[in-house]
Every structure is written in C-alpha cells, then in structure tokens.
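Going in written order, the chains are labelled A, B, C and D, and every chain counts its residues from 1.
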Amino acid sequence: MKLGFSPAEELFRAECADWLQAQMAGPFKDIKGITTLTAKAERRKEWEQHLGENGWSCIGWPSQWGGRDATLAQQVIFAEEYARAGVPGRVNHIGIELAGPTILTFGSEEQKQRFLPGIAAGKTIFCQGFSEPNAGSDLASVRTKGRLENGEWVVNGQKIWTSLAHISDWIFVITRTEEGSKGPKGLTFLMMPIDQPGIDVRGITQINGDAEFNETFFTDARCPADSLIGRIGDGWKIAMGLLAFERGVSTLGQQMSFRNELDALITAARANGTAHDPLIRQRIAKAEIGLRLMRYGALRMLSNTDHSAIDGAALTYKIQWATWRRALGELAMDVLGQAGELAEGDAYEWSTLPNLFLFSRADTIYGGTNQIQRNLIAERGLGLPREPRGDL
Amino acid sequence: MEFAFTDEQRMIAETVRGFFAENATSERTRKAMAGDGLDRALWNAFASDLGLTGIAVPEDHGGAGLGMIELALVAEAAGAQVAALPLLGHVMVGQAIAKGGSEEQKAEWLPRLAAGDMISTTTWAARASAADGRLSGTFSFVPHGAVADLLLVYGGNDAWLVDLKGKGVAITPHVTLDQTRPLATVVLTDAPAEALEDGDAAIPAALAAGWICLAAEALGGAQAALDRTVAYARERVQFGRPIGSFQAYKHRLADMMIEIEQARSAVYWAACAVDENSDETAIALHAAKSFAADTYFMCAGNMIQLQGGIGFTWEHDAHLFFKRARSIQTLLGNGTYHREAVATMILGGAA
Amino acid sequence: MKLGFSPAEELFRAECADWLQAQMAGPFKDIKGITTLTAKAERRKEWEQHLGENGWSCIGWPSQWGGRDATLAQQVIFAEEYARAGVPGRVNHIGIELAGPTILTFGSEEQKQRFLPGIAAGKTIFCQGFSEPNAGSDLASVRTKGRLENGEWVVNGQKIWTSLAHISDWIFVITRTEEGSKGPKGLTFLMMPIDQPGIDVRGITQINGDAEFNETFFTDARCPADSLIGRIGDGWKIAMGLLAFERGVSTLGQQMSFRNELDALITAARANGTAHDPLIRQRIAKAEIGLRLMRYGALRMLSNTDHSAIDGAALTYKIQWATWRRALGELAMDVLGQAGELAEGDAYEWSTLPNLFLFSRADTIYGGTNQIQRNLIAERGLGLPREPRGDL
Amino acid sequence: MEFAFTDEQRMIAETVRGFFAENATSERTRKAMAGDGLDRALWNAFASDLGLTGIAVPEDHGGAGLGMIELALVAEAAGAQVAALPLLGHVMVGQAIAKGGSEEQKAEWLPRLAAGDMISTTTWAARASAADGRLSGTFSFVPHGAVADLLLVYGGNDAWLVDLKGKGVAITPHVTLDQTRPLATVVLTDAPAEALEDGDAAIPAALAAGWICLAAEALGGAQAALDRTVAYARERVQFGRPIGSFQAYKHRLADMMIEIEQARSAVYWAACAVDENSDETAIALHAAKSFAADTYFMCAGNMIQLQGGIGFTWEHDAHLFFKRARSIQTLLGNGTYHREAVATMILGGAA
C-alpha cells in the first residue's frame, strides 16, 4: 500500500499541468471555468480536437488507438490536473469513457478502426440512448424496436435523458430486436449516426433552466447491419459491462470538478463570513472529508484490480458521490443565503453554486436512482434477496 | 381546550382550497413566472370574489376580522398550489398597521388593504432612520418588490410606510430562484416615509403574521408534494409493479407524512397562540417557521427524487414546490436563526 | 380551535398539583423522581393503591367504575401535573391504559365488575402477553395455544417482552384457540391470573442492566372459561382495538416524563457549559420543539374525536416519540461527554440520562418497530399497497 | 501509487482475524467485562503466540518494525470481536517512546512493551507540570487505567511516563458503559515521572497511533455489525419471509455498507499517510477518527434496531458493539472536535 507518487510521476504531473494551464491561459481562455455541460458547445468540440491533436484525449488507451498507454497513476494525475486547471468537462465524455472502452472490449477489429481514432481525435462525439419514458429505473423493459431489413437496422421508438444528443454525432442505443421478448433478453446494442431524417432530438429543459438532456425519437432510423456491438441479443450484457466503465479513472476527473465546487463554496463562505459559523464549519469539514474519502475510495477501486466490479467500494460509489454533491448544493445555498437565490442576469441562468444546488437534484436520479443503487448494494454486495418483479 | 377546527374554520378551508385549486393552476402560475411573478387576476379574484384580502383586518376597517388561524388556512391553500400571490407582504403590512398604526393610519390604509387595492411588501432594515419623514437606503431581497405599491420598512423599534410609486424610489427586479415570489432591490433616496405610531407593536405583529403565512404555505406545499407523489406512486409502474409497492419508496412517503403531521401541529399551535396571546407565542412562532419550512424542503426534495427524471424537468411542477420551499427556508430568518432563538429562551444567550 | 384552559380548569390544575406535590413531599417522598419502571416495585404498588383510595387512579373512567368522569381537558391537566410533580410512572399502566379500556369497551358486565374496581383501586396489576419469539413484528403468527378443557382454558406456549410480568397479578394473552388456523384468524384474548404453577416468568436483562421485560412460559396454565374478552376467535380484533388505546390521554403523561428528561439534559448542559455550544444549542432547540409538537399533536388527536384512530397524527405518533427520545438519548450523551459513561456506583446502574440513552434504543422497537410503523403509515395513512406475506 | 494491500499485509490481516475470531469469543469477553475489563489470557496469547505486541515497535528494540497499516489491520480485527484488550494505550505509549524517547528510554521501555510484559495507558493533561521529576494531578477517564502498569501523561509539549505500581498513585476503577475498556480515575500525588526526551515528537506520534487504533477498531466493529445483521436478516423469518427480503431493511443494510466503505478508505488513507509522512497526515487522521467512529455508532445502532427485541438484550452481543462504538466516539476527541480541526485547516480559526 502506497499513496505517494514517484519523482517520474511528479514530473508527468508538471508536464500535464503546464500544458493544460497554457491552453487555458491561451487559445482556450474563453472556455476556462465553465461548469455546465452545455455552454459553448462548438468551442468545446474544438477543445476535444485540440486534446486529440496533442495526444491528451484518451491517455489510458493503447497508443495504437490514439492513446498513450498511460499507467493508472498517470491517468490519476492527468485527471486531477485537468480539473485543477479549470478545464471544462469533456463534451465527449460518453465517447471517451463509455463508447470507446465498450468498443475496445467488445467491438470487432473493423469497428475499432472505424470508431476509435475518431473518438480519440475528438471528432466523433457520442451520446447514449438507454432510458425510455417507461424504462427509467427498470432498464430491462426497453421497447424501442430494431429490425434487420435489406442489410440495415431499422429502429423505431423513443429514448429519453439522452445527454448532449443535440451536439453528438453518434448514439449508441439499446433496442429490442427479438419480437415479443421481455426483460433483459432479446436486446441488441447498436451504434447509429444521429444526423439522419429518422432521428429527431428534442431538448428537455431542466429545473435549472438549462437543457443538457433530450428526448430522442426514432422513426425508421437506419444504420448498417454491422453497427451492432457484440452479437444480436447481447445488448444487456454489453450495457451492464459499459456501466462498469463508469466507475473508472474518469471518476477522479469528476472528483476534481467537485473539488472546484467545494473550493467555490469555501471562497463564498470566507467572503460573507459564514466561514465563522460553527455549524457551517462542521458541514464544510464533512464535505471536505467526504471528498477526500471519495478520492481514496476511487484509488482503492482502481488499485484493487483483482477485485471485480462488485467490490464494495465500487458498488457504493455512485450513491456516495451523488449524495455528497446534493448535500454540497444544500450547504452552498445555506452559505450564500438569499444572495444565492438571484440569477446571474435577466435570464434564468445560474452561477456555479446555485446551479450545483439545482442540478445536483438529478445526480441522485440519473444513472440509477439512490433507491436502485441501494438495491444493487444490498443484492449484489450483501447477497440479500432480490426485489421481485411484478407482472403488470 | 379544543385543538380542532370550528365548523366555520372548516368551511373557510374548504372554500379556499377549492378556489386555489381551480384558479391557481400550473398554467396560470407559469404565466406569472414568465412575467413579473404576480397573477393579477388571481389576486383580484381573491380580493373581490372571496373578499379574503381583508382576512385579518378588523371589521370596522372593512376587513373580515378573522384571526391567524383563518390566515393560516388561506396561506396553506395558496401554498398547496404555489400560487403567485403577494400574500406575505399583504398580511405583514396589514397586521403592522392594525396593531401599530394610529387611528388615522388605520382609517387611511386598512380599508384599501382589505379591498385588495394595493400590493404590499416589507423589508427589514438593520439601521434605517427617517429624518424629516424621509427614508434612504438600499433594501435587498424584497419579495414581490417590483410589483408592490406599498413598502413597510421595519427595524429596531420603528416601522415606516413608503409609497413605492412615489418619489425617491428606484426598484431593480431580479430573476430569482422562486419565480412565484420574485425578489427585488429597492433603493430609497429621501423617499417620503410615514412612521407607524407604535413600532413596538407593529413589528412583532407583522413578523407573527409573516411567519405564520410562510409556515402555513410550507405546510400546504408539503402536503401537496406528498399527495402528488402518492398519486404518482400508485400509477407509475416499474419492474412490473406500481412503484408505490416498493417498501423503501413507501417508507420515504411515510417519513414525509410524519414530518407533515408535526408541521401541521406547529402551524396551528402558533396561529392559536397568537390569537390567544399565549405565553408560548414566541416559541410557537419560531417552532412553526423553522419546522414547517424544513418539512416542506424535505418533502419537495422527495417529490423530485421519487418521481425520477420527470420530476427534474421544467415541465413538471415539482420544481415550483422545491424552489418555493427553499425560498421559504431563507425568508424572515432561516432555521438556524429560529432554533437559536428557541435555544436562547431555554438556555439563555450563547457564550 | 382553542388552546387555553378555562379558569375552572386552571383551578382543577391547582388541585391536582397540590395533591400530587403533597404526596411526593410527604408519604411517598421515597419514590419521587424514579425514572425506571422497575425500581421499588412494592412501594409503587402502594402508590397505585393510594391513588385509587383518593380517586386519582383513573380519572377519565366512569365514576361507576372508580373514575371521575373527567373531561379531556381535565385528563390532560392531571397527566401533566402528575409528571411535573416528579411522580414515577404507573406500574399498572397496562391495567389502567390498556386492559381497563379494553374491558370497558369489549368486556361483559360481569367482567367489568370483576376487574375494573380492582384496577381502579390499584390492586389488580396487569401485564400484556402479545409477542412471542417468532411473532415479534409479525403478531399474527402467534403460536401459544389455548384450548377449552373441562370448563377451563388451558394454555401452552411462550410469550416474550412481557413488561413487568414479574410484579403483575394478571396477564392478558393472545392465544391460538383454533387448531391449524393461521394469521389473524383463530385467535382468542384471555385474561389469566399469573400466580399459578402453569406460568413461569423469567426476567430478561436489557442492555442497560435493568430487567423490565420478561419471558413468560405457559405450561398447562389455566383460567376459567369466562376469562375471554369478546368471543372465541375475536382475539385479533380486540388486540388491534387495544393498540388504539395506546394513543390516548396517557401519551400526555408520557410526554411529561419526556419533559423531565429534557429538563435534566438542559440542566446538565448548563452545568458543564455545553449550553454555550452552538451545535448543542441547535439540537436542544430541536428537542424542545419536537416535544412541544408532540404535545400539540396529541391534543389534536384527542380533540378530533370524529376522526378515527387512523387519522394521520395518530398513525405517526409512535414513531415520532420513539425517534425523538432516541435522539434525545444521543444528545444527552453528547452533552455529558465521557462523564456520561460512568455508572452510578459499583454496579451496572445508570442515572437518568445515560439510562435514557440506553433504554431509548428499545423505544424504536417495542410496540411496533419504526419499520412496522412506516408500513402502517404508508398502507393505512396513504393507501399504498400492502407488503406481501411470504409463505415460509 | 498503489492503494491495495501487499501480500504480507493480507497475510497479517488473515492471521489476526483468525486469532481474534477464535480467542476473543463472546464468552471470554463477557468474563472480562464482569471482572476488570481485561482478557489477560488473550493479551498473553496476542503477545507470545502472535508476537503482535511489538507490531509498531522498531525491530532493533525487539519489535516487528511494522507500520500504521499493520497496526490498523490488527486493531480492525480486534475491534471486530470487541476484544477486551488494552491495545489503545499500548500503541500510543509505544509510539510516544519510539518517536520521542531518548536512546536510553527506548532501550529501557520498548523491549518490554514489544514483549507485552506490561499494560500501558495514557491520559491528557490540560496543565500538568512535573517538578523535580514528580507529577501531581487527577486524571479522569483513563482507559484500562485500573489494570495498567505504565501511564503516559501528555500535554502541551511534554510527555511523562509514570509507573502506576509505584509511589504516589491512587486509582479508582469505574463501572463504565463499555466494559471491555473500562475507565479509571488516576490520582497522582508527587508520583515519580520520567519526561520523554522529545515531547513534541512523542505527542503527535502517540495521538496518530491512538486515532488510527480507534478508527480501525471502529471499522472492524462496523463491518462485524453489518455482517452479523446480514446473517440474521437471511435467517429470521417474519410475515412468512426472511426479513432481509424487505426492501426498507435491505436499504438500511446498504446504507451501512456505504458508510463502511468510506470508513475503510479513511482508515487506510490515514495509516498510509502517517507511514509515508504525507502532507495530508493531519487531515487524514481527523477524517479517519471522526468518520469511522460515526460509522460504527450508526452501524451498531442499526444492529440493535434491525434485530428487534433480541438485539436489546444483555444476552445478545449487539450491545457490546453499541457501547464500544459510543465510547470510541468520545475517546481522544469527539466528532465535532475533529471536524472543527479540519475546518480550521481549510477555513482558518473560528471567529
């Protein structure tokens, strides 16, 4: 067990920090510090490409596919420095963290060649089509249909909560390809180009006034027959494998953006004097401790590679960060007081902390609600009986 | 000792519930949100059809002469629909004048308030002093400040009325979290100000009415959040079952009910205590405001959580409740403030 | 709606206070301030009789049965003054609050004459035999068997958590009287004298070192055929009705003993300076508010007689006080610090506040755990689907 | 950067888990509780069979020369059985001498500590000063004080060793909440006291070891509370179903696991930080002690609650966990203290 980094790793840290800070001070100054996923989408696509051109897009990937074969420690370092430099979140995070690894793991050689270089170059933006209006928590009840017709997949149905679909090039979709199948059987995983007449993306305005999420409608949407990952009927298996990638190194980058939020809160508390309030101090200390424990929890997950994805720390990670961030949002508003209730200007638009307060209400819902997470922990982590399905 | 509503009170409750359910619809509230945060037609109907703008105004000044219990019933019903109504300032100013105004002041203002002819609001001033009947200062976070006609400024032992349509007044409206009660910044520069005769009587009366109004709104909102979530829980099917059949889900709803029932006791205890001028008035008010506000926030948060993704959309009404709940928490003293006030009563001052 | 008491009621309050305080200053000085249910049992039986002799035992009962026909307001006042005077809890609380009202409601004329005067006189102490080792939360699965034999009931089985059985004269027992019946059917409610060879009471030591609870074993225990309340098979209905009595006026007396506990905590906080700690102050304020709200919740329940026992306030009352008291116990220990971890002397015996901390862990369990309470609230109060029984 | 146990660490963990599971049985612990709170046979076996009394003592003084991680593994296993073992004082005194003793002091004391020849304990003194090598004062709440041979008194920049079997010592044992680590009051009256050479080095080393010991005990206890409750949940049938099939019950257990996993990160982060002399050492220690203690209390409380009536009996082991958890919360600074220390690091001092 060892927490420190080697001198070589510290050098690598300096290299990352130098490059990232130079970009944020120079050519990409205009996007520094953005905390939403929707602002300045075009410039951020340029940033994705800039990362790709400089070999910083997917450093953990094999160099063959545009990565750097970076070690775990190096990936940890890059993620930390990325957020420390105030670089905004990756608009292609689905591509680099979910679609890419899925293709790497389950895709054919031809698919790797077709997709991975584009993702690594920041030119192929992916989004994810899993949830449906009647398949939210209950993902296995998807109804969007896919059928093979004249050497093409033809897809009909509706997805929801397709984050960033409006700026994406591709969507990976779970479809029901076996007529009459139920539950996790008969599902197939397809990659579809978004820019086609059969796909209609409509934004969903959220409670913070922003619209990161979308409804995506499929009406005879098409993609070539070889657009499936794995085999026909493997959709569930691949979707589950893909969810495991969500607990990878990217969690550390996410944590650094939490760090920035907590720092903003600390700055606000110092500025308005609430930093002297003993109750606020206890809560800030709890938040600080919670964030540190997330970091070390993630390092434990990542270091213990012999433990599988059902290791306790991994199972509990989602609810932990979601709950932490929701509490941080509430704390932020208590720190700000009524000043936190004023929008930034004349529109319903919010600065970092009130936006955190509002947006974090979704953290405990998307990607598996806190209730679903507790089921998973109890059932997979503790071996307790599964919740029975009903027959409605 | 009879801690149950009278028949008359039950009737009022039923009437206002029906009124707000019919008139303070989501559609109309959203229209107000997109505008100046005031549903004028609702206010006018509230004043003229129901005559309830005069609820706590003495009968000899054109009011209904009812008490805080009836006020709570009204605010509870308005809160249940998150109505875009300037009730808070209205009842605070009305009580301030009724309890602290001179006979002339009562005669001048109360009938107009009772008739609903004007929109009123209030602001607290740490250090405001009126020289020669003129008041200056910057007052932030004034509820419905941009649409109000009359402002009550209170602080220390004094309370003043300022005509917001008059001279020396500059108002900056804000886009605020809760768009059904937007805040504004009011800057007064030698604005004519009329001191109420007895500030020491006016201020506690205004605060009592304000706290009860907010606490009752919170109670109504919390109950509505529970009711709507229960309805959803019965209908929404996941995993082949109504989600309301999942025990963890049921228990969350039960927890909401546990808090709401306590909030209900708190609100009516406080209202009753004010009406009866009980020894417990102060503790009851602090208890009601802090407990009901926290209950509402908890219930509105659950309303989003338990409805899943849809509860997080702008289109769904959950966020109206959630934002109102948050804004009630901060208005007129947050929970920490009110609990510290209670602590001071039972433990003496902090170190 | 009216909270104040009339001048006549205030006079009654003075009368109660005078008498109770005189007793605690005089003949019963030695039991003043006792907070456990087990200490000085014999003296407390004498106190029950003294109450009875002076007509203060069951003031809400009809005067015909030893009561005073007291109004609700008078009962509220008496309960408050009782605890305010530092009078210890009623060792016959099961008799006066549960058995008595049950007999009044469901008993025959003969049974009323047989039992009620004795209870009102403090001479007939009752305890309750409901739970069994395998029927804790699940009361409907009781197995203790009763059968009629030669004009007598013969009972075999085991009850548990029979509070104060070791000092009681009578026990009322739910028995399964229909061979092979399951669940709530086939149960019968019997009143049995404890002092007989067929009944064996064994104390259960609790985590606070005290032993209020017992296991009670029935081996061919007997009682006359007319010892049943209601009819054969009515046991479940009567047991449920009886549980509703738990939410009666006695809750106000209970609350006044909570008042005494909170006052002890406030005294301790003032004495050791933690009353100046802003965090402790918030928690004490919450406790104070919670207690007041319990009082007004109880008054709402009692005043709204047209609402039945499934009124919201009534359904939520148990979990509310149990959770409040458990939190008070934790707060008490935080106020006391390590000093709260020292027993009173050389035995494992505890003063009021540490005892509260320990004993209150049972409050959220007995009489329906917090989990069962939430089920009841959700199912009866909110009309949500019932938890399904299994078939094990 | 490798936040995973080495093979050697895994082996130690397995060994100590087996040792405590076999030897620190409920029966033996209860015997110790009824006596002086010390399972002497367990201590002797721990010292001689396992040689683990020397765990964090340097090898050149007869110890095993291992670090805080290994200490945490041992304390975690001992905590999982609520063993009646004087580990806390032992590791604190050992570290104080190893880091703050002169060469002579190390040579004198460490081999005896490593061999387990003596029971040690510690106490903090707000204002203790030794004149002419003698110490006076009343020290309350000394863990295992009534059975200890050696007392470390620390305060300010100084730390002294006092022979509790020597002159000027009066000890009053107490019956305490947690009978597996009873507290005693120690009164010193001009008792001979030996100052450690470097108090400034000794004190933080002692505290670090103490906090890690307590946090690791808490982690082990919390995990055991969860494991035992899960086992019960699988077996106990109510309403015709294993109670572990009820969702609300499952979620309570899940909540325990969520906290425990964080506590686990905290404990090993802190141990690692001390061993590596990291910049994060202080915050890691405060985090570990406060978080693990709170987690343990939450889990032990649930252990009683979720086992129903039986969990509330003396006969059942749940109360051993519950009482240990509570006592860990107060030992060496409560949660508020440790969080305030963290707040001071990131926010500066309080007003």
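As a convention for this text, contacts are C-beta pairs under 8 Å (C-beta built on N, C-alpha and C of every residue); 3 or more make two chains touch, one makes a residue touch a chain.
This one's a predicted model, so the numbers in the text were calculated from it and none came from an experiment.
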Between A-B and A-D, the pair with more C-beta contacts: A-D
Furthest chain, CA centroid comparison against subunit C: A
Just curious, how far off is subunit D from subunit C if you go by their C-alpha centres, in Å? 40
Gap in Å, rounded to a whole number, between the CA centres of subunit D and subunit B: 52
What residues in subunit A touch two or more of the other chains? 277-279, 282, 371, 374, 387
Numbers and ranges of subunit D residues touching at least 2 other chains: 242, 245-251, 336
So, in the complex, the side of subunit A touching subunit C is made of residues 277-279, 282
So in the complex, the part of subunit C that touches subunit D is made up of which residues? 131, 134, 136-138, 141, 160-161, 204-207, 209, 213, 277, 279, 333-334, 337-343, 345-348, 354, 357, 361-362, 364-366, 369-371, 374, 387, 389-392
Listed in rising order, the residues of subunit B that touch subunit A in the complex are 140-141, 174-179, 183, 237-243, 245-246, 248-249, 301, 304-305, 308-309, 311-315, 318-319, 322-323, 326-327, 330-331, 334, 336
Spell out the part of subunit B that touches subunit D in their complex, as residue ranges. 246-251
Contacts from subunit B onto subunit C in the complex sit at residues 1-6, 9, 69, 226, 230, 233-234, 242, 244-245, 247, 250-251, 253-255, 257-258, 260-262, 264-266, 268-269, 272-273, 276, 278, 280, 283-284, 286-287, 290-291, 336, 339-340, 342-343, 346-348, 350-351
